[in-house]
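Here chain A shows up in two complexes: once beside chain B, once beside chain C.
Coming up: the complex of A and B.
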């Protein structure tokens, strides 16, 4: 413990004295910046404080010195932990205080101006040095707490909890706080509670007119109704797919697998576009229906039916990914025991298998529900006159009547719904045990599905699969014809515009207009995905396996960013990170951070769902044999978590490549993302190029998913499959 | 435990290598562009060639750009905001987001472009104009045996029931211009009577201003109310669409350009500004599939675009209908009195 604390303290001194304290303009450290070191823009905090009049940085040296003295005490001295805790707290407190008190243009708060007079000292955004110093303070604090016996004295657990709390505070709570406060302000920035009430209880939000008249209902009810429909629908379909994939001898499992993966790797506008191209008034299917069956063309697709259809297509795979891990994990022993006791296959299924799937069903529903609430692309394209909260929020911000307060009020409602669903899910799961993966030998065969369940599964899944195929054929064709819906002359023009490569005299020149955003997107996504998976699964481990005070609040915090619609996240990120202390707008970093904290809840959910099936005795066995927590996580839990790792990695990579609403405010000229580019194409009416680019993205993501699957590998549970049995039989 | 430290250190190194800070070189200018992406790119290339400066360009819709400028007000990132509805540029001027600048080119601009500058206290200037009109899909019209509308008054006829589309006035600047135009032609109360009758014929109020044109080309709606110049690229793509300027007269928008207050490269911003006002700069529009009418008197007029002189224009009162107060009131009234009605 003492040695790692010393290591962290050393890193803290490096951050404080050596690395550039402030953000260096221009990104990388150039030679002429370094020549001025330790003074100048790239100077360390200590020297800036001593030599350049940045006196407010000097108090940070005190806790670092105190910790240095503390760690020289003999190991068994109980004062060490006290010194570490207080050094950490004092360091962090001053660090945060000076960060907010001294801004880009002087004092950060009105009371400071009143106290010391304007304008006060100025400072820029924090750089690597500041970041490392803060991290060091945090680690000193957590090591001190661990030494005092927090979490059974386990430094890894306490440090992880501390780190995740700090990250969530900085990148989830802080920006959300910034925007939610604006719900209580009028347009001039004054506090106005009655205006909040007027906005909150507006009839356009809560009106129930549609129940008794031809008027439209409030947007809140619309959203809730849609989200419940989508949540139930995706869960049912996802379960059907998972059962077919694991419990039947269905011949086209591979195809099914691809079909369930395709929609999540599709940029959001594209499914909506394809649905219009098929079912719109001038769509292909509508034309066939009209010519063959004389069914008049209509606009039924615009509104609830269209959004529902598109969201079902888009979100069923997420439910499937959650569900398959759970369905695979159910121990055949219990089912075999039930059969041995002469239960019929239906009884076994309904009393044993189905209840054991409850964590999967609950998590699947929760994800479908939240996804539907936060979805922006499909309601935008297909919404017609059917308003949902996410689009309302977007247009409250960017619409003709800019009203950030209204956006914040709507965001609060959206958040309340999501948290309500989260709570309901908790209640439904209750405190029962769903453990089925234990250390004991478990060599049963999973039961085949009861007949009626199998029929039901096929009956829902196959039509859906056919629909998906038709949608994707439309998308594929759309990239290769001149104008979808009018002129089906084959052409490569769309691909050439986007992805032309020329041979210049000095090498290969990527002259297509899409290359720039394409490379950025891949780079950002590839960095964000592993970070997301690590943080998400670490959080899941802490939630499922450790007990600590404030665990519920902690869990709530990790789910929060997922519940907030992308537009709100985008605007709040600009509000929070455009000025010091954390000044990262216009960088690639802000995109990465946005993706990591927006997508980590999926890692958390699938991690928890899978972990709740793994018997704790496995961890305990490892710990009893003398392994430390880190080793236990690394060697025992992680290999069993492979489905969750795949889900987290795939999901975060894919979401980083397909997110729209959150990043539309965060992209810059330097870091433009593919989806922002595609939205521009759609707005300009160039569906051909948009669809062509989307097809390329789909192909890239398919390759990436395959690579993730292969490199992470399958989880090997000690279960036989029918082929093993057949071999044994033959042998 | 030491492994955690090593992992953290590795992560730190990755972060160091990650794309972390924006380019803020001295020889660059950051432009927020609110016209068609093609035009943005053509303009960027031409300006880079002419000036030797590097252009960092972000393309976003007018509303998105205004929202971004508001959010960034404490620490602006952009130097110039080029293109997009004049209404939002006036708002930005009213909010103090943009900087006063008197271009030496002002005397060479059309009246309407100069008026825009004067109205804002020279915080913005007109770079192009577009007129509001009625567009329709000729095939769909024929299929339904409908006559082409000629006047605003035609649109409320019962035979067009469910055939008309306009973007939502609550979200789109295009439809706000329509509201303001009607109010100026008919007077506000009569305008809202008209809108209520029109409401019965409207099949959908999409939120994006560009959607009605797109949906008309695709045949998803027969008629739409939108910018007349928007049909030119559609016709070039082979869609069967046509347009007319309504007989009662019509309103127009003045696409504008503003310098951002607190810009980091104000000198470079001025060079972009001047280039964008020059005839050469304005001639880039056609190559960028944009067919608005340029504001410099010597700039060549794009082919196929209806001339301002061919269209009966109203004397659009930008000062009154560009003010925040009138805008908020009209939009609110439209939302509660028109859009909420059953059909």
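Coming up: the complex of A and C.
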């Protein structure tokens, strides 16, 4: 313990005295900057404090000195732990305080201005040095706590908990806090309850005009209405598919399986795009209708019908995944029992099977509801005059009005809806939506579907399946024809525009317009995926294998980001990280951080699910054999966790590649992501390029999934079989 | 054989609480070096918790734990020189038998070749030579159990812990493995704490037994002491099915006193009991049945139930002393149910239960 604490203290001194304290422009060091060291822009905190009048950095030296003295005490001196704890707390407290108190333009709070007068000292965003110093304080604190017997005296555990709490605080709670605060402020940063009330109760949000006049209803009602429709629709269709898959002798069940993979690899707005290509004014179907039946081309698809259709197509597979678990979860023996009591098959279905499915159905509804609320891509491309909260938020930020306060208010309403739905789901149903989908080997034959139910299922599901196939065929061929709906001449033009490679004098030149965003996307996703997996699985380990005070709150904190719609995340990140102390907008880092914390809950869930299958005494055996916790995790748990690792890696990689809602706020010219680029093409009307690029993304994701699956491999367990962890996502 | 020799284990007023549940309450005992001590008690009485406290898998809420005279109360499991054999064996399923056995030395930095050598030696000791390359899932239950033992032995710990090591084995194998464990313990001179809820197993292998009940120690002593001089009704009943009979104690003389049980009068050690109504524990085999009234004092009874168990008969007999459970070695001419019998007391296996 003492040795690692000393190591962290050393790193703390390095961070404080040697590394550049502030963020260096462009993120990397140039010789030019280094020449001024230890002063100047790349100077260490200690020297900036001593030599450049940044006096507020100097108090940070005190805890570092105290820890240095503390660690020189004899090993069994009980005061060491106290000193470490207090040094850590004092260091962190001052660190955070000075970070927020002194900003880019002077004092960071009105009360400081009132106390000391404007403008006050100024400082930039924190850099490597500051980051390392803060980390060191945190580690001193956790090592001190471990020495006091926290978590059975295990420094690794306490440090992991501390680290994750710090990260969650900085990248989940802090942005949400910022959005709450900014909703209550006017544009000059003053607290303004009136303005909040005015924005909050605005007629454009809550108006009910559409019920009695031709005017439009408020955006909140629109969103809610759409979400309910989609929730009901996807659940019904998902149930129909699930019943066909499990209770009938349907011959094309393999096709249904494919259905479960599609939503994972399809960027959400691509469906919307395909819907436009089919049903838009110049869409393929519209063209056929016009030429054959003289039905005039119109823009009916833009608005509620289009969004509804696209979201149904996008989210039905997820509902299918949930419902298939629900249907399989019903023990056939219950149905058999009912039948032996002389119940007819319809009676059994309606009195036994359906009621047993009720919690699952409710769950499916809530999932569809939340997905619809959080969806951004489809309403963006298909919305027309039908506004929903997520797009409204976007336009409040990037539109002409540029009203961040209004965006914050809208974001809070959306957040309240989704959190409410999540809360209902949690209170009412527990965590069933994440349960693994495994075919339980409960003997007995499941009840075949009663005739009328079967007809209903086939009647809805098959046309729908056909539509889904048509959509994907559209996506596939859309990139290879001139203009869908108008001109079906085969062409490679779209792919060449996006992905041309030329041989230039200096070598290969990626001249296609899509390459830039494509490489950025791959790079960012490839960095984010392992980080997400590590943090998610570490959290899962702490939740499943350790007991500590405040564990429930910890779990809530780590799962919270799941319930926050992407647009809300995007706005909150802009609000929180545009200014010091953490000033990272416009960098690749903010994209990575955004992905890591948005996708971490899935890593947590799949980790917990897999870990609960691993006997806890394995860890304990390892501990009693003298292995430290870290060694135990590394040698025993991790190798047994491979399915969860695969799930977390695949999921976070794919999600990073397909995400739109959050990152559309965060991309910059330098770091543009594929999805943001495609959405831009759609808005510019370049559908061909957009659809071609989307097909490329889908193909890349398929390859990535296969590669990860192969490289991580199977668990080595001999005769014991492994069970799969279901992939599943929301928001 | 342990590198530091076997060590003693000492609990000083140790308590362990989970929220409002007290799993171990104010427990004090000492395990002497090189002895095998059993923790015995009904389900949920805190045996496993006590064992885990020794291992360092749980931290005591109160009190002190010493191993080899050193205070280890706040040390984590990895820092204590203690190994444990788990009820589920806890073999790492992704490692071979050899990797499992060599795990301890490997993670504490012993070079691989040396670690393997140590592992092979201990695997030989438990009779598993030739199984090194197999995965745990490719072994029988008994073999897995022995791998677990070998793995725990490799580090030559000061203290070895067993948590119900035999509960996954069938009855025959159980007897053999428990003898093996005892033999190994004596041969290697190990300090062993052994948890079981099977009193037969405890009597068979232990130097001393600690009987636990409701998170506390009910009695501690050599197997014979516990059987013959139970300190409480609980212990008398838990070890060896005693008949607990109401009696009347009078005329204390020295360490003996007169005890009246219905019509029968006996001289028994009073074991600190006061004159007045008391409980007497009578072992099932200390009640002697006879068809005719015997010469010594006896009470009459009627056979209520009879069961044939091969080596002996088990009877339930209604008598003035209450329902009695009686074991009779005589199996060739058993008493028929409902027949009248006389019951007399043997001169052993009858004790006053204090308190």
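Observations
The rule is short, and it goes like this: the second predicted complex is superposed on the first by the 436 of 731 C-alpha atoms of A that agree within 3 Å, B and C clash if a C-alpha of one lies under 4 Å from a C-alpha of the other, contacts with A are read in each partner's own complex, and residues count from 1 in each chain.
Assume contacts are C-beta pairs under 8 Å (C-beta built on N, C-alpha and C of every residue); 3 or more make two chains touch, one makes a residue touch a chain.
This structure is a prediction, so every number in the text was calculated from the model and none was measured.
Contacts of A:626 after superposition on the shared chain: chain C is touched, whereas chain B is not. Between chain B and chain C, it is B that contacts the larger number of residues in chain A. Of the two partner chains placed by superposition, only chain B is touched by A:24; chain C is not.
Of the two partner chains placed by the overlay, only chain B lies in contact with A:104; chain C stays clear of it.
In the superposed model, A:659 makes contact with neither chain B nor chain C.
Judged by the touch definition given at the top, the superposed model places A:314 against neither chain B nor chain C.
Contacts of A:183 after superposition: neither chain B nor chain C is touched. With the contact threshold set out at the top, residues 628 of chain A are in contact with chain B in one structure and with chain C in the other.
If you check the complex, the residues on chain B that touch chain A are 1-5, 8-9, 11-12, 14-16, 18-25, 30-31, 36-38, 41, 55-61, 63-64, 66-68, 70-72, 74-75, 77, 87, 91, 162, 168-173, 175-176, 203-208, 210, 213-214, 217-221, 233-234, 237-239, 289, 327-328, 331-332, 335, 340-343. Every residue of chain C that touches chain A in the complex is listed here, in rising order: 52, 55-59, 74-78, 80, 82-84, 86-88, 90-94, 103-104, 107-108, 135-138, 151-152, 155, 161.
Only residues 149, 152-154, 615, 617-618, 620-629, 631, 635-636, 639-640, 715-720 of chain A touch chain C when the two sit together in their complex.
On chain A, the positions that touch chain B within their shared complex are 1, 3-4, 7-8, 11, 23-28, 104-105, 128, 132, 135, 155-156, 159-160, 204, 213-216, 276, 280-282, 299, 302, 380, 383-385, 391, 395, 397-402, 404, 482-483, 485-487, 513, 520, 523-524, 527, 531, 571, 574-575, 578-579, 583-589, 592, 628, 630, 664-665, 667-672, 677, 680-681, 683-685.
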